[in-house]
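The structure is given below, and queries will be raised subsequently.
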Amino acid sequence: MNPVPDIFRILPEVILTLTGVAVMLLDAALPPHWARRPLGWVAAIGTTLALWGSLGQLSLPEGTGFSGTIETSAFTVFFHVLICGVVLVALLLSLDTLPEDSHHQGEFYALMVFGAVGMCLLTGAVELLLVFIALEISSIATYVLAGYRKDTARGPEAAIKYFLLGSFATAFLLYGVALIFGATGTTQIYEIARLVPTAQNHSLILAGLGLMLVGILFKVSAAPFHVWTPDVYEGSPTPVVALMSTAPKAAAFALLLRVVYEMLPTLRSVWQPLLWVVAVLSMTVGNLAALRQQNVKRMLAYSSIAHAGYLLAAFAGLGNTGIAAASFYAAAYAAMNVGIFAVVTLVSGYDEKLPLIDDFRGLIYRSPLLGSLLIFFLVSLVGIPFTGGFFGKFYSFSAAVGGGAIWLAIIGLLNSGLAAAYYLRLALVAAQQPDAQKPVVPAHRVGIAVGAALLLAVAATLVLGIVPGDVLHAAEAAAYTLQAPSTETSAPANAVDLKMMMP
Amino acid sequence: MHLILFLVFAGFCLGGAINLLIQSHPINSALSLIVVMVSLAVLYLLLGAEFLAAAQVIVYAGAIMVLFTFVVMLLNAGREARTMGSRAARSIGFPAVVAILAVIATVILHAQSLGVARLSDGLTNVPGQTNIELLSTVLFTKLLLPFEVTSVLILIAILGAVALARHDDTDPQGSAERTDK
Amino acid sequence: MNAHLHLWLIPLLPFAGFLLNGILGGRLPKWLVTAVALLTPLAAFCMVLQISLGLFANPIAIAHLPFVETCSLPWINAGLLHVNFSFVLDQLSLVMLLVVTGVGFLIHVYSVGYMGDDKGYARYFSYLNLFLFFMTVLVLAGNALVMFIGWEGVGLASYLLIGFWFQKKSAADAGKKAFIVNRIGDFGFLIGMFLLIANFGTLTFTDIAAKLGQDPGWNGGVVTVIALCLMLGATGKSAQLPLYIWLPDAMEGPTPVSALIHAATMVTAGVYMVARTHVLFDHSPFALSVVAIIGAATAIFAATIALVQNDIKRVLAYSTISQLGYMFLGCGVAAYSAAIFHLMTHAFFKALLFMAAGSVIHAIGGEQDLRKMGGLRKKLPVTFWTMTAAVLAIAGFFPFAGFFSKDAILYAAFLQGTNGKILWFVGLLTALLTSFYMFRLWYLTFMGESRSPEVHPHESPWSMRGPLVILALLSVCGGWIGMERFGNFLAPSVGVLPTEAGNMRLEIILSIVAVLVALEGWLIADKLYRRKPARPAQYAAALPTGYKLLANKYYVDELYGAVVVKPLLGFSKFVLEWVVDFVILGGAAWLLGGIATFTGAILQRWQSGNLRSYAAWLAAGAAAVLLFLLVPWATVLASLSAIHLGMAGH
Amino acid sequence: MNEINQSILTLILLVPLAGAVLVALVPDRFKLPNWIALLTALGTFGLTLHLPAHFSFAADAPRFQFEITRLWIEKPTIFYHVGVDGLSLWLVVLVGLLAPVGVVASWNAIQARRKLFYALFLVQQTAMFGVFISLDLMVYYGFWELSLVPMAILIAMYGRKDGPKAALKFFLFTFIPSAPLLVAILWLYAKTGSFDFATLRFWVASGALPAGALFWVALAFLFAFAVKVPVFPLHGWVADTFSEAPVALAMVVAGKLGLYSMLRFHIGLFPVQARAVAPVLIGLAVIGILYGACLALVQRDFWRLMAYAALSHLSLITLGIYGLTLTGWEGAVYQILNHGVVDGALFLLLGLLYDRYATSQINAYGGLAAKLPRTTTFFVIGSLAMIGLPMLNGFVGEFLILLGTFTGVSKGWAIAATLGVILGAAYMLWLVQRLFYGPESALAASKPPQDLRLGQLAVLWPLTALMLVMGVAPMLWLPTIETGARPPQLRTPNILPLVLPQSASPTSLNGEGQR
Amino acid sequence: MSSYFAQEVPLSWYLLLSAALFSLGVVGFLIKRNLITVFMSIELMLNGVNLSFVTFAQQWHAVKGQIFVFFVMMVAAAEAAVGLAIIIAVFRARATLAVDRIDLMKL
């Protein structure tokens, strides 16, 4: 019945797991005084292989494996590639910025790779049980990584905040799953989608949806579930922030797409306004709060909240358009955000001696390369054309306008104007004359690994900004596979007949 | 009978949970939580989940809570300090909890065609198949992947726990920052 | 008619001089600069002379005037505006050309001596040539826009030349003032042009005249408005009330410049323009009377100020304003040819007066104060005699040039009914004052004893004396052409004199009255400044208010400063810059930013750092989501089930 | 030749970009960045001259020429669609002309981090070219936004006193209004499925789109453009930007982009809606003319003076545009060119003064004319051109605009505008006087005189000659502009076909839904 | 009286109990001042959810619900290991377990 061996359906995950195990074992096996840096290269190579492997999955016929628990489709491949790419960049970044005498480098790399397993699974899972496990894998990996600088005061605080609030939110998600299970008797996403229109207890489904959304929106740090973000970003090592502000978020967005568009498309009239409000709230709150920030990482944390809002705006779009726009935005956001955190890592240093915006003064004089890159990524975050940020925003709001949510687009774009204020503040500080009175620690040397990481991020941001056609094409293919054509025809958003859901 | 058992253990559950909240010493809270869990195990039994009842006792009450108490002891955690609480937690949180509970309760009460629980009411209709057989069959066929993936989860948890809890001999940085508040 | 007049060469010759001296002047030897500077206007003058001789020799050719020469390529051809570079040669422009190039050339020659030691020699001559270029363009212009080139251009040249000694603050100020005040006049000119295009669709003078002639309906109304707008332009350029204020200050420039630009040629452009567009004025009696009144008022107003000025050039400047008032008076009574006649004679004697004054100033080392002169008659004989001719001419003594032209204007005014009589009387009074202040100047400068014995005056070089002599001859004989012949010659261009109603006897009586009045002026001056030199001071002391009023030029500059300039600057500074720009607009932007930052600060408080409050927010969010999803749903459910039940009931 | 015509616009876009990359790559030695930038700028200018040389005026010639259409992104359908018509042709050349001027103006002014400066300067060039030639709204929007970035960075890095603040102000002022613009573009796309100018124009004219929404869409377009121009109450950024921006950028920052966009994408796309708001714009423009002139009168800093002067002049052009008369349009486009040329020269000179004397306080100057005769001469000529002396270029545009307003709009507004133009002489001549005339100031005496050098003369001479030529022979330009304002197929006199109120013109596709 | 000895209990009662436990867990998170007890509150929430799963498994006769609970337990164990390790790390770094003192990072 299933012509494809199940193992191919989880090829990237398998590769990543093997890599993680290999790193872990090597870490244990190597003599203690040996450098652990090569382990990072092993992890990077493994991630690259996984990326390649997930591209290979494109040749598989679309379908599920392991008794309908995991799916392989253009959608999963899109997000797999995205996640593996981000993890790869984060690994390369860590390679050069983790201190040489750090004791757990091996574990660090292994955790990153294992986290990637969870994220990849999350995008492919079509069984809520697997979703839950995958979510936990990626979460636990990031909890630990967040607290990786356990010798500092802030590291463990970030970890415990992230951990407790994350578990708290996961409990909500789980409750939601339970209620949906209660309403339909199954946890398989396709079956739920099939059963929902005829299910009896719709309020149960709605409650379940609401509670699940709490958990997912927490992961994407959308307002009002964003409160953890600035604190955790501030306390976590910057390479980890580069990872966790992008990859788990992308995975969570994939999950959100799957939940709302694939699992509950018939409830569009219900979740769409909700996401509309959340989108507006996220971007407004994120941008306004970022205006006064002095700490770069906190500022970028607020900015990532705002970006979650921009991305959620795409959900106002109809069917394929919305999914494609959201997927594209996820990619663009990942590229530029991982890039800017890479730059921030290099400037602030792993031990973050220079966390404040004022510490970036004259960056372009101290290090023209880093200064230019910082400005480049900031420009992309502002959403200037010919960078990924622009097309991300463009597609997202285009989808919103297409879905009739003009006000959302107007609010969003005005917000992006507001956002320009603080992005530009940082850029302009970097372009200012350095303060001669204040000695500054020189930025990290840009090594091969970090160079490659930056190159990847820049290239991705530029490709997404100048020739976004292919990526958009992939996103559209992903959208097509996510949403069955039958539901696509069920017409405009607000025209969903409520009676359909009645017993 | 079922009703009485339910009422008794539900009462234990709620009592334990409330006690968890009002006890100020972590050990007492942990013990209250164990009460909740054991009571839940009984309720699982009432709902025909024998395996889970056993797992609840073994895994939750036995393993997890032991871990908790162990850590409480290890860190020598005393009574909760009377710290200045967060006003938001009360002024925002409590109404929110009430709202959540109210909404969910309403939903549950309005749910249609919810069944009833009977003692020894199995899940399977196949004669001769126990619940545990059914459970394991499903677990190792249909849900094989999640099960396998759990191993990664466990691995990662161990790895993480080791990475975080292991005490470093050298302390290259952070000692200065440790004291800052 | 000869189709190859190449009128465009007339302006372009001086322009070539301007370019050569302007660009290369600093590096050329002085003799070459002089040669270029003199030869180009001379060539232009010769060309004009040749053309006019050719015309006079050939009456048929004169009958074919005006001759229009148009550049085959349009200048501007866009939308409603279709303008070519077109030059027109008719009697009017011919007369003007002769005056402009002739007097212009003489002043060039004079300048060679006067400016010989100046560092900016080449620059000076390039500006002078530039002025001639623009002036000839103005005169030759076949349409209003080309005239406007010359119009603004002479203003520019005037600006440059007044401010020639730019390191003197007063000179630079005066240049700026001249340009800006002229611009106010230009405003009227511009609006007039817009109205012309809007109403006639053309700016070409001949077309306008033709259209006006075709339709007798054009009368008053819009034509009046156009005429008044043009008149506003003319008052600016020709220093009439209320825009005359720049001209006295313009005396800061080198004296030959004052002679050329601020006496002989440029300031008469307004008169020329009115004459050029006379058809418009002819169709608007109201505009004409406005012109006449402004002219008469300016004439007497400026004359009174001139009575008490002590700067030799300022006396001449106010006398210029006054004489220009005469010309406008002439225009205002439709005696255009009389006005042009006076323009021509005035050019001769006023240029002469300025150049003689320049010669005096030159001789006594730059001193311009009349009170420090005196007794120069012996030392500067040539200057004295030429100046005397000019004074007699301007005072209107027979048979000097001024007599004929002034007489013609007064006569024409007298014939204009009751109002004309008043105008005539004002003109007569002005003649009295003119005679008085000119002889006052004459006495103070040349008669009596020297009041600055330490200076040793010396006669100017021949390059300066030569033009004086020539102009003196013209001042004497310039009027002998006679008004009638001159008027007949100009008639095709500006129409016939409205004097047909008068008669010879009346004209002679009036002439005698005018001469007697001038004589009276001389006698008073003679009494006050020769026989009883202490009297003026006594009079001044006896009438302190009046004297101060005159000496301070009626406080008009101060008035403008207080009424226009200061309020404008103050308004700009305080209301616009401070209130509008800074407080309102800046405040609005600041407020928006402030609101955003303030909201941000409030939102930051959300981030208390406390885990439990974070959890509270999460719980609140969850509650909000649940309520959002379920509460409206519940009501919908209720209503829908009611419907459902109702339907099931059936 | 055909191949060149096909690719010339792309080349114009790419050459500065390539130059920027090259500048970024070479070492900062021997003034290499300067030379590369100069050569690139000159080369690009040469390329732009190809356009007028091969522009066809034939009655059957297409309106847009040198057109290229290539699919860029399939969905949403974005075409790389570029082309020029009479409106944009000369603007492209103008941008090309100002590039070498800018390089020369920066030659000595920019001493540190030249690579970055010239690279960004050249990127800015590309962005500006892009705005003028794009016929696809998305591509246009891309360049429109892109043009902000190099400007902001350069103002921040090379600003005089408070660069970053001015840069932020500039950026926010111009960036935030483009948000509604993007929404409007997206809305149009959502309704029509196209970003193409011609297609959208058809759609808008067809009456198929809801009129109420279209009004707001047009307003969003206008708002973005009006800030960029700037139109009166939205000029808050101008003064600070002018006083901080490096000379090379100050010459290009105001005016052109916004004014062109008004012509092409506001009035060109939404003639009916533009007509509805035109009275407001006319009023604001006249206020802007007078307001800018009055404020220029009382400025103490010459950059700020130039900023308010620019406000005044740009408002005049706005008046010409929204007067919606053919005369006014031709004058307006011509005046954009004039303004570019004249401002280029004046800014170059002021920049030199600032470089030498390190202050922009007008009062500190005085009496420079004796020491710097050439500077003075060129400055005076530039000022005269600016205040509209006949025979110099400013006059032609000014006269046409005022005439168009007078005859086509309202006599009252025209008179008020003319008054403002007259005021122009006051502040410019006063500036000239305070800078160059009068007794020599301490500042002037403190530095050895150093008049214009060869490189600067090499720029100023052509610019000055151009002022004269443009004043004497405007017909070298006006016919081209007319083909843009009124395509050759339509020879209805004196009326803009775009704004015919009723369906008198074959191209105006007004349906019933619009009035 | 006989109803007290009934052999069946409506599942909604179980669900209400589950909701109550969940809510109490939330309340615990909000009011407990010790990191460990806060964590315990989360366990309480999870237990509440588990009860729902088991109840619904009974409702649908679907064994997946029970398996889900099984997995939740496993995850809880893993979380407990990591969470307690983090708590230990916090204690080492800050020498306190008071929730309200863990607020170095704010605004």
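Order as written gives the chain letters A, B, C, D and E; numbering starts at 1 within each chain.
The rule is short, and it goes like this: a residue touches a chain if its C-beta (ideal position, glycine included) is under 8 Å from a C-beta of that chain, and two chains touch if they have at least 3 such contacts.
The shown structure was predicted, so the numbers you read here are calculated from the model rather than taken from an experiment.
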Inset, instruction - Give me the fewest steps it takes to get from subunit C to subunit E if each step has to go to a chain it touches. - result: 1
Legend entry - Any chain that touches subunit C and subunit B: A, E
Legend entry - Distance-maximising chain from subunit E - centres being C-alpha averages: C
Legend entry - Chain closest to the assembly centre - both centres taken as Cα means: D
Legend entry - Centroid-based (C-alpha) most distant chain relative to subunit A: C
Legend entry - Higher-contact pair (C-beta pairs counted), B-E versus A-B: B-E
Legend entry - Chain centre separation in whole Å, for subunit D relative to subunit A (CA means): 42
Inset, instruction - State, to the nearest whole Å, the distance from the C-alpha centre of subunit A to the C-alpha centre of subunit E. - result: 27
Legend entry - Distance from the mean Cα position of subunit C to that of subunit A, given in whole angstrom: 75
Legend entry - Separation of subunit D from subunit E, taking each centre as the mean of its C-alpha atoms, in whole Å: 66
Legend entry - Junction residues of subunit E - those touching two or more other chains: 15, 22, 25-26, 29-31, 38-39, 55, 59, 62, 64, 67, 71, 75, 78-79, 82, 85-87, 89, 92-94, 99-100, 102, 104-107
Legend entry - Shared-contact residues (touching 2 or more other chains) in subunit B: 85-86, 89-90, 93, 97, 100, 103-104, 106-108, 111, 143, 146, 150, 153, 156-157, 160, 162-164, 174, 178, 180-181
Inset, instruction - Can you tell me which residues of subunit A touch two or more of the remaining chains? - result: 129, 133, 136, 140, 143-144, 147, 150-156, 159-161, 164, 168, 179, 182, 203, 206-207, 230-231, 418, 421
Legend entry - Every chain pair in contact, whichever chains are involved: A-B, A-C, A-D, A-E, B-C, B-E, C-D, C-E
Inset, instruction - Name, in rising order, each residue of subunit E that touches subunit A in their complex. - result: 15, 22, 25-26, 29, 35, 38-39, 42, 45-46, 48-49, 52-53, 55-56, 59-60, 62, 64-65, 67-68, 71-72, 75, 78-79, 82-83, 85-87, 89-90, 92-94, 102, 104-107
Inset, instruction - Enumerate the contact residues on subunit B facing subunit E in the complex. - result: 1-4, 6, 10, 13-14, 17-18, 20-21, 26, 29-30, 33, 36-37, 40, 43-44, 46-49, 51-52, 55-56, 59-60, 63-64, 67-68, 71-72, 74-75, 77, 80-86, 89-90, 93-94, 97, 100-101, 104-105, 108-109, 111, 114-119, 121, 123-125, 131, 134-135, 138-139, 143, 146, 150, 153-154, 156-158, 160-165, 167, 174, 178, 180-181
Legend entry - Contacting residues of subunit E [partner subunit C, same complex]: 26, 29-31, 38, 99-100, 102-107
Legend entry - Touch list for subunit E against partner subunit B, complex: 3-17, 19-28, 30-34, 36-37, 39-41, 43-44, 47, 50-51, 54-55, 57-59, 61-64, 66-67, 69-71, 73-82, 84-89, 91-94, 96-101, 104
Inset, instruction - Report the residues of subunit D in contact with subunit A in the complex, numbered from low to high. - result: 72-76, 113, 116, 138, 141-146, 148-149, 152-153, 156-157, 163-164, 167-168, 171-172, 175-180, 182-183, 186-187, 189-190
